[in-house]
Amino acid sequence: MPATFIQHPFMSQAALSDCNADAMVEAMLSFELALAEVQEAHGALPAGTASAMAERLTAHVFDMSAIAQGVASGGNAAIPFVKQGRAALPDTLKRYWHQGATSQDVLDSALMLLIKPRLIRIDALLSRCRDAAIPLMKDHAATVMVGRTLMQQALPITFGVKVAHWALGLEQSRRRLAPLVEHGLPVQFGGAVGVHSGWESQGLDFMDALAERLGLTAPVLPWHTDRQPVHALATGLDAVAGAAEKVALDVSLLTQTEVGEVSEPGGEGMGESSSMPHKRNPVRCALIRGACRQIHAHTTVILNAAAQPLERGLGEWHAEWAPLVDSALLLEGALEQLAVLFEGIEVHPEAMRRNLAITGGAIMAEPVSRLLAPIMGQDAAKRVSAEAAEAARHTGRPYSDVLAEHADVKGRVSPDALAEAADPGLYIGSSRQQVTRAAQWLTSV
Amino acid sequence: MPATFIQHPFMSQAALSDCNADAMVEAMLSFELALAEVQEAHGALPAGTASAMAERLTAHVFDMSAIAQGVASGGNAAIPFVKQGRAALPDTLKRYWHQGATSQDVLDSALMLLIKPRLIRIDALLSRCRDAAIPLMKDHAATVMVGRTLMQQALPITFGVKVAHWALGLEQSRRRLAPLVEHGLPVQFGGAVGVHSGWESQGLDFMDALAERLGLTAPVLPWHTDRQPVHALATGLDAVAGAAEKVALDVSLLTQTEVGEVSEPGGEGMGESSSMPHKRNPVRCALIRGACRQIHAHTTVILNAAAQPLERGLGEWHAEWAPLVDSALLLEGALEQLAVLFEGIEVHPEAMRRNLAITGGAIMAEPVSRLLAPIMGQDAAKRVSAEAAEAARHTGRPYSDVLAEHADVKGRVSPDALAEAADPGLYIGSSRQQVTRAAQWLTSV
Amino acid sequence: MPATFIQHPFMSQAALSDCNADAMVEAMLSFELALAEVQEAHGALPAGTASAMAERLTAHVFDMSAIAQGVASGGNAAIPFVKQGRAALPDTLKRYWHQGATSQDVLDSALMLLIKPRLIRIDALLSRCRDAAIPLMKDHAATVMVGRTLMQQALPITFGVKVAHWALGLEQSRRRLAPLVEHGLPVQFGGAVGVHSGWESQGLDFMDALAERLGLTAPVLPWHTDRQPVHALATGLDAVAGAAEKVALDVSLLTQTEVGEVSEPGGEGMGESSSMPHKRNPVRCALIRGACRQIHAHTTVILNAAAQPLERGLGEWHAEWAPLVDSALLLEGALEQLAVLFEGIEVHPEAMRRNLAITGGAIMAEPVSRLLAPIMGQDAAKRVSAEAAEAARHTGRPYSDVLAEHADVKGRVSPDALAEAADPGLYIGSSRQQVTRAAQWLTSV
Amino acid sequence: MPATFIQHPFMSQAALSDCNADAMVEAMLSFELALAEVQEAHGALPAGTASAMAERLTAHVFDMSAIAQGVASGGNAAIPFVKQGRAALPDTLKRYWHQGATSQDVLDSALMLLIKPRLIRIDALLSRCRDAAIPLMKDHAATVMVGRTLMQQALPITFGVKVAHWALGLEQSRRRLAPLVEHGLPVQFGGAVGVHSGWESQGLDFMDALAERLGLTAPVLPWHTDRQPVHALATGLDAVAGAAEKVALDVSLLTQTEVGEVSEPGGEGMGESSSMPHKRNPVRCALIRGACRQIHAHTTVILNAAAQPLERGLGEWHAEWAPLVDSALLLEGALEQLAVLFEGIEVHPEAMRRNLAITGGAIMAEPVSRLLAPIMGQDAAKRVSAEAAEAARHTGRPYSDVLAEHADVKGRVSPDALAEAADPGLYIGSSRQQVTRAAQWLTSV
């Protein structure tokens, strides 16, 4: 359980139990055992060494608190782990352990192994969001609501097109992140200074074979201080965070009491206020937004640590670990909330219609004045459409009725034409076409 | 000339004269004229409208200071530009001007048009760096130098492999950025609320045709508040900055007076100190690092503004403009310096050899003890190799000579074998192979 | 005029014309002339030197484009400026020019001189905001509106207390920034490596005297790579930005069409939408928020550059200049908007009352159930108060009337008591007291 | 133990065991019990209520995993804690529990209670650093070393003055942070919407009394969405991080193998390299730098969340918790390392002397040419001093000897005067005076 509960609400519970100290040790061990297997396969270790090592160490119970002690003096978790692993081996095997590797090889590779299942899960959650979004946007392709720019009512859109835009953002970010699962999580193996000291051409062969055995990418070269892969990963996670945060921002604005166009799905105790029973807080949105803001900050560590000195960072590398892993965990947590949100969002078309009417019709003044312009000139058309909107708002009567009775309009335009021009539902532009196009793109590939 | 000179040293002079207020107005005008052409081609404007408009406006001298006045009250440059453009048209054309467009359409598209030549130039500069790096790394594939981890001497590498790692970082970032020139700079066209109000299915057709005419990407849908394209662009630029900064960091460390393994290329007045004639400051590195740090910060604006509310940002969008353009200009400036650096870097192999010797040989203690271990056991081997290194450092004699005379060694190991084990030039691991592999990758498509 | 207009909307026009390349040269010249005066006063220069220098150089027209050329090769503006200044002096004076100074002395001091008037103006703008806020919060001390948590209606507050909170935030930040005008803008003077090489104890005397002459702070020691003063300045500016942004965020939420509780003050062309005449966009809020987001990013450059290597930064120092100056200019621009906003904000108490009613009374369910609890028990009280709120919302009738007629209430509680408990205007807690306390604090000192 | 060990090396072990989930629950409980005491003292609760509550709850074992479950649905740790606390009370006390408070009151106050001992410890560690720095800088007030600008050798300084600059940076940041312990950690108490709903003037009295009872600051008003105190705290912590990082950066540069002027103090297993016995890695510097980079990023969350909407943040508030607490813990960890570093740093004056000589004397060319100028003119003086330096570097002979034999110098300047001018130890400017001045300031109150 995380200290002080402060990260707890944001993170995926599933992920937290997958991605812990045991998993870290397991990942480091996987690296070392795979290395022995690879070296044995290349004739660099006596036959049977790798399996003898594996037999000893997979059964070995690592002393986690000794590792915790050791990380501070060594500066990273690989150092006490390697020491403990060596101690657990019989003398005959000790010299083959961690052969040709450096602690950064172990740690970078282990982090990639830890992150891989997180990326897979993030991809699955994004797909869940997309799969929920597609029917939602189709069902509401023509559900009229007002579009708002600078948070002011502007002109009509549909709820479907809004969902389509959400889904596009998420899917763009998914398509940016997805290739990284296959090609963006490189194994690290370069030895003390990144040139496989003592191994010559075998070094690169070991590296490639290790990648294959561990299900990681084979990099062109070791990347101890070339952190482009980490930059691509961190900014890829951040892109997803931005897309998720956009949905949460919109939902939190649309759930405002005065707007009320959608509600967050409930859940046991979700969003309750102990003192104010009338409230249903958009807690999922708060958690998503809270998590994503932290991800943006974590990403800045990576941006500022892309340049690492000479053959090993002096703090720059060390600074990367927590931001990278925490970003993945926070994002996974945020997407768990987002998937539930997409699957259970409550849409209130009647509130959307109510809100379309609150300016009296002023938001339809533009199409109305377009209708009137050929009859009375552009200036008069603008004046009349605005006056009628003002009157409609004051009296609470329908805009088209007030228009029809206006002295300058009466008898010159048919009430049907007026009603049509003043109907937000008939002024949704390309909303339907956008939903169709988005659905095609979302389901393509 | 930028106010107060404070950005001046970092930015590309070529870019600054390309990317100014005139260019911005020109880009906005290109958008509007292309829109008229597209609408005319689709029958939405009378034949001849677009060319009549173009005739008037390409000759028109826009009042730049009136635009500057207007941006503050309107909140963006498109508003006063559109107003001025309309005023310059004859009455018959006024209504066809900016038809169906919103100021964000104009501004987002104009920024993409401004940035496109910057990306092309950045790509060219990165290619120049790569083209200079390839012969440099081949020439120095076997130029031995010491590798340094946590800034401490560790084991030998070659200068060629270091250059290969630099080039890989840069090329990775180039390959990330390059596709954006073709597919990552989308036109913006959605009208007031992003759904082409009043145009129905034609809206998307206009958008696609506009993209083609302007040489920009056709997005799936308008992206007024889906800022994934901006996130991809900004983080792509930042990745290049990180790769450039890595080279500058290494060079600045290697040019330290006490290290002196490389020098920055000179240049008129470049790096001179008025009061200290012995100094040659790595000014290019300072400028690259200064620029890149600012780029990282600009990128954080984009990360934090990826989520924009409803149908138009309220400050989030506005905050993007300067960071995006400035990042491109700063990066271009940094790469101009970097290209000169790659093309003219002075390499000092004799300093590299001198530095390899300053620990007496201690950095070769590992291979030496590997040689001695079969003869005297691992513990004795470690002790002897360390003792001899200490003695060599104190006396200034060659490590292998001191070793050969050591009581425990004399007569048990041939001097030739000792000399070989103690020779840094024979312990460069996969350095040569890495250079070969890097060169292949760098020249592959 | 700033390139491409992209910074133009955000920055103070007054500041932009004060704080330009001419001002920068003037500030650098002030430093050099003050240095000569100080050295002459200490007997380190022949009598009359300083005034002779001043006579020559204050009349001299510096070649701005040559300086612009020189900054890139020298790496900062002081280098070409010093060179040009020396060239403009007669031979007899050349050797006394820039004596004992280094380019960082000139540049750091000049930046402090440039920033000082900006801080004074920022303080004045903050005082203007405070002076406008005090009557506003007193006038509206009892103007009831709904308080919103997680953007959901919660319980009543008053508009006055909201303004008091805004004013407190701004005034806290003002009181943090204000001392920096007097004590936080240190002169820089340390010579080549910060120890006044060649001057011994006179070095510190010169530094102190320079500070006095230039109206800057005398630091304990030169601070070439001790950037605490820059950190304090940048984070102090950022604190003001945060306080300003809070007001803009609230105002933009309260001006939403559906909420409509306040309006931004108008202004020529301010917030107009060319295509949608019914809209009045909160452009001032957008500009404030847009500026502040950029300030936060600029601040991250300073945070990440607080540690500078050895006796002079290698890029870290260079990276500071633009973020520092731009932050001040952006903040001044934002506060110009904010002051107008405070002075002209339109408050709509009727909209506040309307919004208090839209939940039917549910927001008053808590005080109502407190009234009913002693009579019918806590559980029944909660149920009844909630049922009545639901009924009130559906029927549109006043909450207290519906309550009075509820079967469980009728005859057991007086209608007056019910009306009182259901009246938001009587449930404003410490709102009035908070306004009083805030006013006292704001006008204290 | 933190998941995956990734934060473990950076954080203070003492702090981690103080600042955990138990401490969080204890802090929340302290708040609630103090609230009851205050309300009882003001007659708002029956006599004896507070002690009855305390008796029950201080003995109660909170179900930590139930709280962990509850945080995700409620959105913060206070909600499940309050629920569990109420359930543990007898019915007669339940209604007096958490009376008038909201979850943000509990959480903000609890975080301040958690952070207070961290600030006290940070202050103590900074004092330890200062106390170690003072004798160090005095002892080395005249220990000559070379000053380096842009990492190039420039002119002499002393190690004492370098330590003085380090100590000044740290002490400036300490004096910025120290007042926050007494005046910068405000209690939070405002109730649901920050206006003490239902309590009128008593609200502010409770708030003030609570502050006193909990040893926290009484704010002017509740600060639910006025985050200036959080901004001041986070940026204050960041300033310390910057000052610490500066020392670590310098030490890591000075410990480079080729420079070797200082060494990090050892420690069991500290800085060892398993494969390279000759290495002593500056692990403390790496950990300090790694921690500080993360602190800078955490700070950006706070900068970007200073503006929070209306009466409660929707994610902005939530995002603050972890960055704030983690910053304190990371900083405490970094300062533990730094204190050991100051107390045990090994200084190598002989290496400093060796490095002063490696340019042959070129770094003394400026004072030498000042000596020669009156005799042979400025241009000749510059040429001669540079030629001699070049010769000295090539031959390895002392600069003053080579100078004395130079054809243009021989017989014109006394060898003693030459030796004096070429002696770096006599060209240390105000170094001694700076040490004295710094010591005075450091020990002033």
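Letters A, B, C and D name the chains as they come in the text, with residue numbers starting at 1 for each one.
Here is the rule we use: a contact is a pair of C-beta atoms (placed from the backbone, for glycine too) under 8 Å apart; a residue touches a chain by one contact, two chains touch by 3 or more.
Since this is a predicted model, take the numbers as computed values, not measurements.
> Listed by label, which chains are in contact with chain A and with chain B?
Common neighbours, chain A/chain B: C, D.
> Please tell me whether B-D or C-D has the greater number of C-beta pairs in contact.
Here the pair linked by more C-beta pairs in contact is C-D.
> Roughly how far is chain B from chain D, centre to centre by C-alpha average, rounded to an integer in Å?
That gives a centre separation of 32 Å.
> Which integer distance in Å separates the CA centroid of chain C from that of chain D?
Comparing mean C-alpha positions, chain D is 25 Å from chain C.
> Provide the list of chain C residues touching at least two other chains, using ranges where the numbers run on.
102, 148-151, 154-155, 192, 248, 252-253, 273, 275-276, 281-283, 286, 289, 292-293, 296, 300, 304, 313-314, 366
> Given the complex with chain C, which residues does chain B contribute to the contact?
Interface residues on chain B, with respect to chain C: 1-10, 13, 16, 19-21, 23-24, 64-65, 67-68, 70-77, 79, 82-83, 98, 102-103, 114, 192, 248, 252, 267-276, 281-283, 285-294, 296-298, 300-301, 304-305, 313-319, 321-323, 325.
> What part of chain B is in contact with chain D in the complex they form?
Interface residues on the chain B side: 146, 148-155, 252-253, 255-259, 273, 275-283, 286, 300, 304, 355, 358-359, 362-363, 365-366, 382, 386, 389.
> Would you tell me which residues of chain A are touching chain B in their complex?
Result: residues 95, 102, 147-151, 154-158, 161, 164-165, 168-169, 172-173, 176, 191-204, 220-221, 223, 225-229, 231-232, 235, 238-239, 241-243, 245-246, 248-250, 253, 289, 292-293, 296, 299-300, 303-304, 306-314, 366-367, 370, 378, 427-431, 433-434, 437-438, 441 of chain A touch chain B.
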